[in-house]
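Structures incoming, each one as structure tokens.
Here subunit A shows up in two complexes: once beside subunit B, once beside subunit C.
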Partner chain A sequence: MGADIAAGRRSRTAQGLAAGAFLGPATCVVLVTMVAPLLLLARYSANRYSATDLMIEAVTPENYLRFFTDTFYLGVMRTTIGVAVLSTLLCVLFGLPLAWRLARMAPRWKGVCMLGVILPLFIGSTVRTVGWMILLARGGLMDIATTRLFATRLDLMFTPTAVIVGIVSFNLPYLVLTMQSVFDRVDVQLEQAAQALGAPPVRAFWRVVWPLVLPGVAIAAVMCFILSMNAYATPVLLGGPRFQMMAPLLYWEFGTNNNWPFAAALAFILMGTTLLLTVFANMLIPRRYRA
Partner chain B sequence: MSAALQLRDLSKQYGPAVAVDRVSLDVAPGEMVVLLGPSGCGKTTTLRMVTGFVEPSGGDILVDGHSIRMLPPYRREMGIVFQSYALFPHLSVARNVAFGLEMRRQGRAERDARVAEMLRLVRLEGLADRLPRQLSGGQQQRVAIARALAIRPRLLLLDEPLSNLDAALRQEVAREMRILQRDNGLTAVMVTHDQDEAMAMADRLVVMRDGRVQQIGRQEDLYERPATPFVARFIGHSNLLAGSVQDGQVLALGGADVALAGRYAPPAGSSAATLAVRPERIVLAPPGTHPEERVVGRVALSSYLGAAVEHVVHVGTDQRVVVNGASSGPAATARFAAGEAVALCWGAESERVFDAADRVMPRSASNPAPVRSGHDSQTISKVASNAR
Partner chain C sequence: MAAQAMMNGQAAISPAVPVAGIQQALARNTARILAAIGAVVVFLPLVLTVYLSVFDESLIAFPPRGYTLAWYGQILDKFGEPLWTSVQIALACVVLSLLIGIPAGIGLSRYRFRGREVISTLLLAPLTVPGVALGLGIYVFAVWVEESSGLALSGSLALLIAGHVLITLPWVVRLCMAGLVNHDRAAEEAATSLGARPLTVIWRVTLPAMRAGVLAGALFAFIVSFENLEMTIFLVSPGMNTLPIAVLTYLLYHIDPLVAAVAVAQMVLIGAALILLDRFVRVAQVVR
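Moving on to the complex of A and B:
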């Protein structure tokens, strides 16, 4: 009996070692490429900045205090959150019907349409943004069109609208792909059953499909929100020099100002805010619908 | 006569492919009609056209004399039990059953009473607050029926309702569903590919193949008087022997001749024919000992199956006949070993001959088949065992 237990313990130890051997390499990569830089960044964010010596070793909260006491930086954060929330809402609004339609499509058309959704991802984000610039800029296609048709000038370049349009177009494919797979898992017969019981299609969707896909849609929306919060190229190229969002600001402090301690603090503040808002949004979903 | 459901030349085409080809059917009030056929025969498409989820290419659907073809599914008032049951996984049993009543904006008290009544009907009173995933397959199926019946549907439509249950449960549930349907006077249409299920549940059956109705009738009609070789094979696994009719009473198979029990008049220009005989209507005897001997073959396989004994007999150059008989009791069949020569014997009422166009070949009236009285299988088996 005792021998059995000992043998069992030994085999369990062996199992543990085997599991460790499988998990080891991945853990090492994560440690080296993610945790270590983050720790380094955390350490930097507590350092002091001097215009002559750049970074001075210290342990001080002044970088964080500077952010939370300066209305300019708080304003940038407010803009960033505003743009991220708005573009996420628009993405869900546009993406939902698209994803649903795709999931319910006959297989032979589905492939083609999926390709259509994925195709923009083949083009680099910068190239796509330049495309938007050509469309939106003064003297661009939209401007020419509205001038000819309605005799009004339309200059959307360097406006928040342009940034939101850019971010939505950038995030939409990811969102549609994620939500499509969520809708795919909902049996068509559930919708049909609801309809047979007297629910018109829209009502059948809200009463039966929506509660079932809500957790998946929430995950897709969170992903979209995180991408928007951290958007860099779009705000820089479509927002122009006076439109400030967190990621470009961070890069500017880091690259142009050489203020590494403050840039590190900004990075942590951006990360923390994103995380906090994501958790908060998740709490808004009723418990019984959570994944 | 006023039919609860009428299909008139109902058709469905997908591009050039015809899924359902001019199906016409009348279902009387309180009747259970089963659409039966192999997969791809169009039975499910027919049902879906009645539910409204597939749009017909032609023909019409009438409920109580009014066309419902233009009505969307949510206004057709049909109780549908889906193959997968399609219970709403996020709603309790009671909320599932109440769903249709909520859609009709019924008062809460009335709704609760109806839900309780339905759960009592399917004997699930204690499980009202469970979620569907906490129920067994049989219980889920009963919830699906309760949900479909709660709205007092004009028709109950069942799409392979038993195929997701294990074999042991299937018979019991089938019996219960049949009693429920009978007792409540429900008009029902069921789809299945399982002929035993169909035989057990139906008032009338519709056998379909390649989108067409092969035969409509009661169990006895289909079994005793199949309209086509397909029906003969599909209902009760008839043996089909292909050959040509000669002199109206011999079927030449190639390598062997069957002395037919009846006299037939093949249509002008074609003597090709198919003979259908059921496995349990054939009696085996040593050659030359039985008054109703039709053809002699060679036993290929003899298996003991418990209640029944099955022989597979090679006839002619390349055809096979399956023969079933009781393994014990007064009508026990004689057993023959593989390789033995054996005579296949049957009476006139057990054979059916079809012409090249799969129509029943008429018996020629001028010379009626000789009626032999009382082929007592007991004496036959005695003869058979003596011969050994």
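Moving on to the complex of A and C:
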């Protein structure tokens, strides 16, 4: 009995050592390249900026206060949240039927179509804006088409619309892919049962399928929202120099102004706001549907 | 025919049926139109990029004078150097993140211990932290280390690779774990009881079983590193450029068939890699 316990303990220690050996290096890498830098960044965000010495050690909330008292920065945050919310809604609107169609497709075509959805995911954000620039730029396709047809110029480049369209185009495949997998898990027989009992397809969807997939859709939408909040290349290229969102603003404070403390504070404000809104969005979902 | 006649007959009797029928048709068509718009929004820019890349013009002009493939020949001249930097970083990143990530994947799927949740959340966290925050943090940290130790870190290739390993690691870990989901540990136990040493068991039994996951991990690590922009802009030194940064700076000043050709070349390469990978692993199962 006692020997058994001792053996059990010994094997548990051995297992602990083995787990440590397997997971140690990866954990160390993340600790050194993510946790430590973020901690240092948090410390720096309480420092003071000086034009001559760049950074003076201090413990002050002024970087955060500056953000929340300056209408310019609050405006940037408002734009960022607005763009993120709107593009997420549009993504869900277009993505839902696409994902549904994919999930209920014959297996022969599904494989090809799935690859078609995945491919854009892995083409970088810069490369994917090229297409939109061709379409929206002055002298681009849209401009030429409207000039010929209606004799009016249509310059959508460097407008919020362009940014939202670009972000929707970029995030939609993520959303479709995630929602497709959620729809896949819903048994076809459930819909068939609903329809056999007399519910038309649309009603069968909203009454039977929708409550089942709502948690999954919420997760996909939140992911999409986070991606939009952090967008960099799309606002820079399609929004132009005067359109400001959080991620480009952060880079500008770092690269052009050399204001590390404020850039650090911006990083935490961005992460904090995203987290807060994510939690808030989760609370909007009726409790019984939550994941 | 007969069924239709019957439906018409029914419709004549009860007015509720055609209203419901119209609603049905409306809903179905709305869904169809929305799906179509979605597909157009995703694919139209890609198609346009391919179209522009063969223009025989140095600017966007419709219709073009003619079509040429000459732009593709200029890619290496104009973008060769950043391309090479990106490939180097991505390859180093694949090797390192596999070396660190495969054991982590095996460890997480094999052992149940206290704090396992914490470790697994930690290892996947780089996927959710914004790229700009990671980039700024790593740069600032590197400067701090440099000041206290004298190591020349900031702006070095090593720092870029370290940063990229951080963001590719979660993919490798995740894909390795997915590769082991259906793995039966009985085979490992059998090998052990037959006298195989632990490392031999991993090399001869576990690794072959998770081959698909490892392959997918390697490919995703390459792609994720290759296309990263948000974090990389904080880590490059003035003389150094990766391909996404070079494309971004180019696009800030001009949009022409050359940059479209670069974009298409990248699309084709990544597409080919994904299709190749799809023969070994169901990519669709593995991505989410």
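Definition applied: the second predicted complex is superposed on the first by the 264 of 291 C-alpha atoms of A that agree within 3 Å, B and C clash if a C-alpha of one lies under 4 Å from a C-alpha of the other, contacts with A are read in each partner's own complex, and residues count from 1 in each chain.
One rule holds in what follows: a contact is a pair of C-beta atoms (placed from the backbone, for glycine too) under 8 Å apart; a residue touches a chain by one contact, two chains touch by 3 or more.
Predicted model only: the values in this text are computed from it and were never measured.
More residues of subunit A are in touch with C than with the other of subunit B and subunit C.
Of the two partner chains placed by superposition, only subunit B is touched by A:D187; subunit C is not. When both complexes are overlaid on chain A, the residue A:P120 reaches subunit C alone and has no touch with subunit B.
In the superposed model, A:P211 makes contact with subunit B only, not with subunit C. Contacts of A:L65 after superposition: neither subunit B nor subunit C is touched. Contact with neither subunit B nor subunit C is seen for A:I56 once the two complexes are overlaid on the shared chain. By the touch criterion stated above, A:P97 is placed in contact with subunit C alone, subunit B being left untouched. When the shared chain is aligned, subunit B and subunit C each come close enough to touch A:P200.
Across the superposed pair, subunit B and subunit C both touch subunit A at residues 200-201. Across the interface of their complex, subunit A is touched by residues 51, 53, 72-80, 82-84, 86-90, 99-100, 103-104, 147-148, 151 of subunit B.
On the subunit C side of its complex with subunit A, the touching residues are 20, 23-24, 27-28, 31-32, 34-35, 37-39, 41-49, 51-52, 59-62, 99-101, 103-104, 106-108, 110-111, 113, 119, 122-123, 125-126, 128-134, 136-141, 144, 162-163, 165-166, 169, 173, 198, 223-224, 226-230, 233-234, 244, 247-248, 251-252, 255, 259-260, 262-263, 266-267, 270-271, 274-275, 278, 283-284, 287-288. Considering their complex, residues 187, 189-190, 192-201, 203-204, 207-208, 211-212, 288-289 of subunit A touch subunit B.
The part of subunit A that touches subunit C in the complex is made up of residues 15-16, 18-19, 21-23, 25-27, 29-31, 33-38, 40-41, 44, 93-98, 100-101, 111, 114-135, 137, 139-141, 144, 165, 168-169, 172-173, 176-178, 181, 200-202, 226, 229-230, 232-233, 236-237, 247, 250-251, 254-255, 260, 263-264, 267-268, 270-271, 274.
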